[in-house]
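Written out below as structure tokens is the structure these notes cover.
Read from first to last, the chains carry the letters A, B, C and D; within each, the first residue is number 1.
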Amino acid sequence: MKKKTIVIGVIGNDVHAVGNKIMYRAFTDAGFNVINLGVTVTQEEFISAAIESNADAILVSSLYGQGELDCRGMREKCEEAGIPNILLYVGGNIVIGKQDFEKVEQRYHDMGFDRAFPPGTDPQVDIDCLHKDLKMDE
Amino acid sequence: MEIRNRKLSDAEFEAERKEVLATWHTGKEVDLDDAFAYQKTLTGDLRFGDKLLAAKKERRTLIQPRAGVPVLDEHIKLMQYLEKYGHVDLLPSTIDSYTRLNSYDKAEEGLKQSILEGRALMNGFPAVNHGVYKCRHLVESVKTPLQVRHGTPDARLLAEITYAAGFTSYEGGGISYNLPYCKKIPLEHTIKTWQYVDRLTGLYEENGISINREPFGPLTGTLVPPAISHAVAVIEALLAAEQGVKNITVGYGQCGNITQDVAAILTLQELTEDYLDMFGFHDVEVTTVLHEWMGGFPEDEAQAFGVISLGAACAGLSKATKVIVKSPHEAVGIPTMEANAQGCRCTKQVINMLYEQEYSSKDLEVEKYMIKNATRAILEKCYELGDGDWALGACRGVETGALDVPFAPCAANAGLMLPARDNEGAVRILDPGNLPFDQETKDFHRRKMEERARYENRPVHFNMVVDDIYAIGRGRLVGRPGMRDI
Amino acid sequence: MEIRNRKLSDAEFEAERKEVLATWHTGKEVDLDDAFAYQKTLTGDLRFGDKLLAAKKERRTLIQPRAGVPVLDEHIKLMQYLEKYGHVDLLPSTIDSYTRLNSYDKAEEGLKQSILEGRALMNGFPAVNHGVYKCRHLVESVKTPLQVRHGTPDARLLAEITYAAGFTSYEGGGISYNLPYCKKIPLEHTIKTWQYVDRLTGLYEENGISINREPFGPLTGTLVPPAISHAVAVIEALLAAEQGVKNITVGYGQCGNITQDVAAILTLQELTEDYLDMFGFHDVEVTTVLHEWMGGFPEDEAQAFGVISLGAACAGLSKATKVIVKSPHEAVGIPTMEANAQGCRCTKQVINMLYEQEYSSKDLEVEKYMIKNATRAILEKCYELGDGDWALGACRGVETGALDVPFAPCAANAGLMLPARDNEGAVRILDPGNLPFDQETKDFHRRKMEERARYENRPVHFNMVVDDIYAIGRGRLVGRPGMRDI
Amino acid sequence: MKKKTIVIGVIGNDVHAVGNKIMYRAFTDAGFNVINLGVTVTQEEFISAAIESNADAILVSSLYGQGELDCRGMREKCEEAGIPNILLYVGGNIVIGKQDFEKVEQRYHDMGFDRAFPPGTDPQVDIDCLHKDLKMDE
């Protein structure tokens, strides 16, 4: 099976680097081809990296709480850039404060994200979801 | 850019100042004479530095939360709530992340959206956008001195505005607000902008107004060995003193092993005073701050209270001058004011119960010796690399990895060294990278790591680091192989 | 009544047993052979004592809550909840206060009312009223060994029923469940009923079934100096061993000064083993338990978490074999199962984070020395008063105030001594009453109290005691004059 | 002014002695004539002590949670004994668990108690109430 390619990074003015470094390792260990853009990544940088690498998915991290502002319009930008159906995940501490996660998830779905993950999600969970969504085990 | 550790001349400062004040329209609100006059109305317990010095004298530990919301009225409500129900001794105003990277336009938008949607969409208080007068309104709404807490590589305008507004303490520094807080900004650049902040502070000082300055101790908050954060703290204290700063609080983030944590606070005070003295700054007042655990927290609030309490205990036992408090919401998101005050009350209870107690472990001396040795090694190497200039030395030190911060996002950081816990949970060096340690220090760390490896029956390896990063969030200190939650 | 510390003969025991089983109708459900057979189905981690011994070997601290509600199904739900969400290692079943004073009829009524009103009207689980079979249902509903926790001067029937039902540990003792737990019952009487319980335990032991016994360490939970609770623990261990008990956990309630608390747990283990050995009991296994703060708690839950954490820290640092957990509801009322589990998780987090750490204070040796000296003085005096008989000695010791428990409600207690905190928060003796201390010990305590008096600029006086009783509830350890909340 | 007499004690099978000892001291210091019955006091003991001492008030403590059961019928017993109007206070931890205190207070009022006090009430508060209810400052 061909290696799947994913783009990861931390969006906006967010500098939380630890989770990103660990995700890079976990996904690499799990057999993905990982393009890691590190921290403070713009929507545009995510999208160009995905196009350049012909990626199967973009995994956006947002830890610092301003993710909602930073992620608005990302799906539309993907459409404009010609990758309308690319798999879009978001995870971390993606809103300000302790909120009911179902509502948070809904907000991100409405923004066009395929999945949103609650704080502290174990990389294994992300990997399982990728396997499912990218039909890797079929 | 040529960076040198020397006091900015009045002319240099004036020229730069014009540019700075022009970067956002609220810069116009700053008038130095008016600012001095305003600051002079704030005396005694309304001044951050004075309150710290009084506490230091009594060997008391003051408590301070982190807190900031975008909308002014909400922020005032938050501060008043923390005064009343958090029993805090010192107040913060945590700045949002757009302001931190000088995106005042984005901050303006976020502020607008937050008002519109009736909920905070930014993670802090955009003081620059609010400007001098609105911030003065904040200062006048509370009875507790306020500090700006942020993570801003270029914090010049923010300082101008908040100083003029009556804030009496300012966190940050050219190294500690670069390496953990940005990706591509050169260290020379941030050291330079922070020389400006320190010069501004010095100017206030020369006009009889003492503003407390606090280098950010915990750095990335993740397995930072004391010697590394101590080295940064000492250099930033020296750089600040050069510009005329007279009241400095050096900081450290709880690592988790009590002996190491107490030793860290004690040596931080000693080393900073020693170096300031050594370089001729005899009239700088030094105090210390311990940050409750800065890494990944357990999601469960009851467990979080346990972590908070142990941090508070280390602050209380080491008689740190203040402690920065975490909340039981830490793992999930910015705390509600209620959760924030809970963290404060829990901390205060522990601090109070330990006020009368001292920590006199037999291992304390060994730990202190090792920390001091390692810190001095890094400092000496930087000084040498900088040909006797601390600013240049810091840049070259970071570049070569002589001063190396683990997990830092910044490209300037070498990222060659790797930390991990030893078998007693103290943070040691798994791989020294280019840290300029002598053989004794290297052997000590190596031995400690091997002890753990033997106990865990696995090699000294990066897996330990990953396990350690997750450990406290999963209910323990040392990341043992195969660990489950709690 | 003539009391002697000697093993009950089979005939004595049998005769007494008939009476005991007849005191409530569920006594009929007890059949010893059936009980032995049932107990033998419980092995390994289902046995309290085994789990303790394994933990002791690994220097791990197990956690155990207090918990009990009247209605069986609710009680099972509670136990299962604590297993699942409290991550407890050991389970209790806290018995209600009617059962504790053998008012089984009142308990029956309370149980009925509780079912009727759909809410608990009693403060615990009336195991006698439920009887053997219902209690077995409880035992079979959990995967964790269960202990009876109570405060029952005459706990003979309760022991018969719960042993037969598969409980593998039993708290209490003839002194520790008298002085703090009743008003007028003579000490001879409770020592005698507890000889029965211990003989019953010995009988199980002789049949290959080890049941753990735990003298109640904290006594009145209020400023009890370690030497006093240690003396009670040692005597009760000796009395139990005499009847054939082989697995004993001695206890201590956190006093608040870390050095004193760690020293207390260490000396408790040593002294108990020493005395057991000295009197020929070489095969008794001794473990220890630290009780998180047993006095008045702060009402605020966040502050309560601070107190809980410090207790957990002392248990973790001293490597007590287990810790009895408090909940954030402590000051207000019996905790909900959620609050109870919160106390457990907070405790577990702290215990885990300290698992790798040792407390090696320089003052530890002094503290240990003082505790051992004072405990031995009380023990020797009791032994002497009893003409070499520990049971008689305990009675005479209590009568004369050689063994004197502060704030005890029981008329048998002399109540002559007064405890208070010293300037470091350790519990000392303000007025020794008739405690048989040598000059060195008396001088030590006096000096410590005078140190505090000088610091507080007031005389050594009962006011200190009152202030100390309120102190932790009001957010500090030492009750300083004029203190306010937090 | 003549000293007011109060009877204090801990009701039922309750052995919590510390608060009782402190209350004894506080009320004595505050100038009351205090009859202290200690712990495990029955309703009958409270009432006979009040009659014997011609007391102005009975202050019932209950800490252990079973106070509701122990206090039922106390007012009626006072009536039967010929002191129908004696001031009756109850305080401590007077119910099982953390409950809404307004409801708890109501329950005790319904039982005929003049005042019920929440956990940890400072003796000064009790003293102030006694002064008011016994019109001591008029």
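Assume contacts are C-beta pairs under 8 Å (C-beta built on N, C-alpha and C of every residue); 3 or more make two chains touch, one makes a residue touch a chain.
Here the structure is a predicted model, which means the values were calculated and not measured.
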Practice task
For chain A and chain B, let me know how many angstrom lie between their CA-based centres, rounded off.
Solution key: 30
Exercise for the section: Report the inter-chain centroid distance for chain B and chain C in whole angstrom, where each centroid is the mean of the CA atoms. Expected result: 45
Exercise for the section: Please report how many Å separate the Cα centroid of chain A from that of chain D, as a whole number. Expected result: 64
Exercise for the section: Return the distance between the CA-based centres of chain B and chain D, expressed in whole Å. Expected result: 54
Exercise for the section: Assign the assembly's chain-to-chain touch graph to one of these shapes: line, ring, star, complete, other. Expected result: line
Problem - In contact (per the touch rule at the top): chain pairs - result: A-B, B-C, C-D
Completion exercise
Within their complex, chain B touches chain A through residues 96-98, 100-101, 103, 106, 109-110, 113, 119-123, 151, 180-183, 220, 222, 295-296, 299, 329, 331-336, 339, 407-409, 466, 469, 473
Problem - chain C contact footprint on chain D (complex, rising order) - result: 12-18, 20-22, 25, 38-40, 64-66, 68-69, 93, 95-99, 119-120
Completion exercise
Interface with chain B, chain C side, in the complex: residues 87, 256-259, 298, 300-303, 305-310, 312-313, 328, 341-350, 352-363, 423-425, 472, 475-478, 486
